[in-house]
C-alpha cells in the first residue's frame, strides 16, 4: 500500500456515468472542465460528444477513444504487459538521473507517478511547465489576487484580456461566464465590456475594443500600465508601440471598474521575459484593490498541468521542477527544468506520461525512453518501452482541477474501459522496481 | 489479535480516570474489557508510563486550496524542513505549510490520531478530501464553510424560513462529507466582493441587507435543529483588529444561547487601550466564556518565528497583506461561495503587538475555567505550526518556564499583560481533556478521545518527564486503530486514516431548488458538488459516519 | 601543504559536490578526503571516485580539471581559499558567507546564488542567474562580491539585496531584475530589460543600453560613488579604464512600477 | 643643555589625553578640497573656547585617495569620543557637505567609531542612499552639484593634546622667524597638527585667574611686560618676545618627534631659550621632557 493513502481510482469498469440526464459528463480536454456535455460510446467504444461540447472536446474524445496502439511495445516489438513493466522498471532502476515528465494525467496518475519518482530518485516536470512558470515565478515572488469562474459570471463588468484570444485554448470561456445573461446581482450582460491587449477578441466576448501590441512588447506595456495605475508620471511617449495616452486611458477605465478581471493564458505568453508581464499584472492588481476590486484570471489547466502540479504541491510542498535524487525533495525551477536538463544531457532515462493527448516527447538524446500514452502516441515505436494507458473521463474515473485552482471535478468513465489507468501501470512499475 | 498495555498510568478524563494504573486490552483495533483468556494477550509492559487516548486537533488547516496556495508560496520555508525518504516513508517537506505526507507523519509522531480541517469551502471540498486522502495515518474531518455563499445570503434576504435553510445546511454537510459547519467573518467575505473593507456584527451587508448577527442566528439554529454535535464553528468578525473584543462579545450574544464555538479566539480578544491603542481583552473574553455554557473556544495561540496565515477571511487577509513577511500574499474570491487569503507571517518576540498576542492567548488559556470548553490549538499554521504543541503544553503546565519566556518579551508588552500574575498550571488530566476528551465530545466522536471499552484503539504512551515539552514531543508508543505506528518517536508503520462525518436528515426536495440555482448562477452543476462515499474512497479515505444528536428535527 | 583535487573520471550526469570546500576538507588527509560523500545523480558516491587527491586540507584547496559538470563547488563555504584551475559547474559558491573562490576558467549557471559574503572571481565567463535568487524566492545575493572578467548570462543579480557584482564583458537580458539594492557594474553591454522591477540599487554600464519605458532620465553627472566602486574594482584586478573611472554617466531613475528609487548609470560616449 | 647655542631648559611639556579623528576630504580639484579643509578647521584653536582643536594634516595625492581625486586630511581633537563625533557632524555638515564637489571619508581605522554620515544622511530627506563597498558603508546625499558622499562612521582614538614649546627670543622678528621655521619643520610630521593660527600662539595661558568666572588667563610668567610686577615671571631681562607652539597628535611619539624637530629648527640666532609650559605635572597625563627629546639626537 502506498504511503499516500489507499483506494486510488477504481479501474474495474464502473458503469458509465449517469447524471443530469443521459450521458451528461465532464470534459478533461481543457482547463475549464465543462461538466455539461453529453457523451455517447459506440459499440467499439468510440465516444462522441454532443450538446454544448466544443471542438477541443469533440476532437479530444474521438482522438483518445479511437482505435490505435493498444498493446505494449518493447523497442517497437509487441510485448506482454508484464515484460513491458519489468523492462520499464529495469531502465529506471539503472538510471542515475531519471526524469518523469509529460504528466498529462489525473490525480490518481500523478499520485502513482510521485510514488515512483520517490522510489527511483527522479526529477519531475510537466510538459507545460515552461508556460506555467511564467505565472509561478511572479506568484512566488509577490503572490496574487485572483477570482474564479462563478464570480466572473456574476460580477465582472470589465475584462482586460492580455495576449490571448482565449477561444483557441479555452473555447467556451466567454460562453460560460457571459452567455447565461442572468446574474445574481444588478449586473446585466449589456453592461460588460472587454479590452483585448495584444490579441484579437474571441467569439462570445462582450463588446470589445482592441489595443494592438506585439506580444514581446507586452511586458513593457503592462509595466507602463502598472506604473500609470500607481500614479507614476512616465516620460516615455510609448511602451512598445502603444502611446502612453492610450495606456493612461486604459488605466483610468480599470480604476473605474467595479469588479474587473485581467485574463491571460500563460501558454500564449510565449516570448522572452513573459514573467515580467505577469509580474506587472500582479503589481497593478495590488494597486487597484486599494480602491476597487480587480482580480486575475490566469487561464490554464490544459493537459492537467494544474492538476498534476497541485498533487505534487500537496504531497511534497514543492511545485514542478522538483528532484527526488538525493532522497529528499529539492525544488529549483531553473536547475530542474527538464528541457534544460535534457539539452545538457543531465538526464539518463525518461518516463513520459501523456494520458490526455499525445504530448510531443522532447529530444531525449541517447537516454532510454519509457512512454505511457494513448492510442495516437507518435513516439511509441522509437520508445524503448511503450505501454498504452487509458484516458480519465473515458476509460476510467479520475479527478482534475480547473483553471481557477479551486474547482476540482470528478471525471466518470464514458465507455467500458479499453486501456488501464496510468495509475495502475505506474504502481506496477513501482512494485516491479522493488524486485530489481 | 489480542494485546494488552500493562501497568501504565491511565489518564482518561472522558471516563473520569485520573492517573490510575490499569491494563488496557486491545483486540481488532478496539479497546475491550479484560477478557477471560487475558493470559494469551500479547503483553506490552508500560509500567510507570503515562497513557492517554490519541490526541485530536480540532482546528488545523491541513488540506484544501488555501493550504496548497500557502505551500506554493513558501519554497523558502520548505527548504529548511525537508524529510528524506526511507524504506517506510516518502520524501516530503515543510513546517509552516507542510506537504500532506509530512503533515500525517509529524502528527502521528507527536501522538495525534485525528485532525480536523476547519475551513473547507463546499466548492473546494473535493480537493480538500483529495489532500486529506494523501495525509497518512491520522483520521480527518472537515467543517464546511457557510455564511458568505450567495445561495444562503440570497435565501436569507428573501426571508426563507429556517426549515429551508436547515435543509440546505443538511445538503451541504451530506454532499461535502463534513462533520460540522463553520462561518467565517459572517457576510464579510461576500461584502468584500462588493468592495467593503470591514463589516461589523450589526452592520448591514451592502447588497443583501442582512447583518452578520442574523447570519449567526440562522446558522447556529440550523446546526442545532439538524442535531449536528458540534455547535456552529465561528470565526468572528474583525479578526486581528484592535478593539474587536466588542464584535466577539456581540457574536456570543447573537447565538442567543445556542451552542457556538469561537475559534482562534486569541485573534478576537483585542482592546484599544494604551498608547499603542492595542491591549489585551482576555479577561473580558474569558469572563464571557465562563458565563455562557453554550460557548466553547479554541485559542489559536501564536508562537514566535516564521509561519503563514491561511484563512477564508480574505477581507482580513487583504487588510493584513502589507504586514506579511516575506512580503507576498494571495487574496482570492471564490465561486460565489467564499474566499481565501494567504499571508506569510513572522511573529517577533520584540514586537509589542506580537508579544502581547502571545500573552493574550495564554491569559485566555489560564482564565477560562472549564477545560471542556477550551481547546489547545495554534490555529495551525496561522498562530504557529502544529509542531509547537509540546512547547505550548509546557507553557501551560509549567509556570516558572512560562514566566521565563514571558520575561524575554518586549517590555512594554509585559507591562500591558497580567500573565505574570496568573499562577494556574494545567494538570496532565486537564491537558488530556483539552487535547482528547473535549474535542471528541464536542465533535460527537463517541468512540474516540477515550480509553473505555468499545473505543477505537488510538492510544499514546508517554515517558514521564518533568519537561513536558520533551515528554509530549516524542511519545514512546503510538497506536492507531490498534496498530503500533510509532515507537520512541519513530514511525514503524504507515496506515491511512479515515474521514469522520455526520449525516443529519434533511428534506431532499431542497436539491431541485439548489440544482436550479446552480444552473442559473454557478459555473458547475449542483450534481458536480456531491462527493459520494465511493468517491471519498477514490480520494483516499474511508468514511466513518457519526450519529447526530437524538431528538433533533 | 594544501589539498589538491585532480579530476580523473568526468561525471556523466551532474555530480553534486558541496564537499569540495576548504572547510569541509580541512585537516583531512588525501585518503580521508577521498572518502567524503558526494551525490552522483541519484546515487551516493565518494570524492575519490572522481578525483585524484594529494596533500592535506589546511584551509586551502586546489581543484584541477574541467569540472563543468561538477555542481555546488564551494557551496555554503564560510572561510578559506578555493582555486579552480579549469571550469566550474553550476551553483559555484551558492550561499557562501566568507572566504574566496578563484576560477581560472569558466563557471556555469547560478554562481554565488543567494550568497551572503565572501569573494568569487571568475577569470572566464559565467552563466545565467549569477548572484541571483533561487527562482521563486524573493531575495538573492545578500552580500559579498562576485567579479567575472568575461561575460555573463541572463538575470544577473536578480533579487539582489546587497553586495557587488562586476562583469568585465557583457551581461545578458534582465540584469538586476527585481533588485532590492546593491550594485551591478557591467563594463560591456547591458542586455534587454535590465533593471525591470528594480526597487533600489545601482546598475552601471560602460556602454549605451535600451532603457525600459518605466525608467526616467535624470541627468548626466560624475557620481563620486561610482569612482569609489570602480577604483575598488581596479584594485581587484578588473581592467577599468580612466574613461570609465572619470567619465560622465547618464542617470535613469526607476523602476516606476516599483518604488522608483533605483538607478541605471550609463557611461556617456 | 645647549642646541646650536640656544639653551634648552630641563623641563617638560605637560600634555593631555584627548580623542582624535582623521578625516579625508576629496574634491574635483585640490583647491576645493583645501577650501573645505580650511573651513572645517577654522575656529578650532583650543577646546576651551572652540569645543575642539583641528588642523590640516597634509595634502593627499589623487593616486592615494579611494575615489582617485586630490585630497586633504584633517585631524580633529576633542575631550571625548562622543564630543569628537558631535564636532565632526557639525563641521563635516557645515563645512564639507556644503563645499562643491567634495566627498568625505574616514582615514583613521579604529575599533572606536562615531556615526557621522549616518546622521548627515537625513539631509537627503529620504532621497539618500547607502552603499557598502569592501565592508565600508557610504551615504550618498543628493546635492545641487550632484551628490555628497560621506562615510557612515569615522574612527576615533585616544590622542594627545597640548604638547607645546615656548620660544624665548630677544625681539619679535627673530622670534617669529624661529617659530615659523619650527612650524614648517613640525608640519613634516604625520599625525600632528598645530591648531593655532599658522601654528603659533602668542597668548599662552595659565589655569585659573583672579576672576572666578574665568578658567584660564594670560600666562604672566612669560609676559615680558610683567617681568617686573609678576612674581611668577620666568624671564630674564634679555627676553623681548615669547611665542608658543601647541601640538596635538594621534600618537605620543608623533608629538615628541614634532617637538624635537621644532626645537632644532627654532634654535637659531636671536633665540635665547627654548622651554615648555607645564602645571607642575598635576594636570596632564603626559610629561614630555625636553632634554630627553634632544638627547636622542
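Going in written order, the chains are labelled A, B, C and D, and every chain counts its residues from 1.
The definition used in the following text is that a contact is a pair of C-beta atoms (placed from the backbone, for glycine too) under 8 Å apart; a residue touches a chain by one contact, two chains touch by 3 or more.
Remember, it's a predicted structure, so these values are computed and weren't measured experimentally.
Chains touching both chain C and chain D: none. Separation of chain B from chain D in touch steps, taking the shortest path, is 2.
Among the chains present, the centre nearest to the common Cα mean is that of C.
When the C-beta contacts at A-B and at A-C are tallied, the pair with the greater total is A-B. With centres defined as mean CA coordinates, chain B is found 33 Å away from chain A.
With centres taken as mean Cα positions, chain D sits 76 Å from chain A. Chain A and chain C have Cα centroids lying 35 Å from one another.
Chain B and chain C have centres, each the mean of its CA atoms, that are 47 Å apart. Counting partners per residue, chain A has 136, 140-141, 324, 326, 331 as the residues that reach two or more other chains. Each of residues 134, 136-138 in chain C touches at least two other chains.
Of all residues in chain D, none touches 2 or more other chains.
Checking each pair of chains for touch leaves A-B, A-C, B-C, C-D. By the touch rule above, chain C contacts chain A in their complex via residues 12-14, 16, 39-43, 69, 90-91, 109-110, 128-129, 134-138, 159, 173-174, 177-178, 192-193, 196-197, 212-214, 216-217, 255-258, 260. Considering their complex, residues 134, 136-139 of chain C touch chain B. Remark: chain B residues 75-76, 326-328 touch chain C in the complex. Residues 63, 65, 67-69, 71-75, 78-79, 82-85, 88-94, 97-102, 121, 123-124, 126-127, 130-131, 133-136, 150, 154, 192-195, 207, 318, 321, 328-337, 342, 494, 496, 520-525, 527-528, 531, 534-535, 537-542 of chain B touch chain A in their complex. Within the complex, the chain C residues that touch chain D are 143, 145, 162-164, 183, 200, 202, 221-225, 227-229, 231-232, 245-246, 261.
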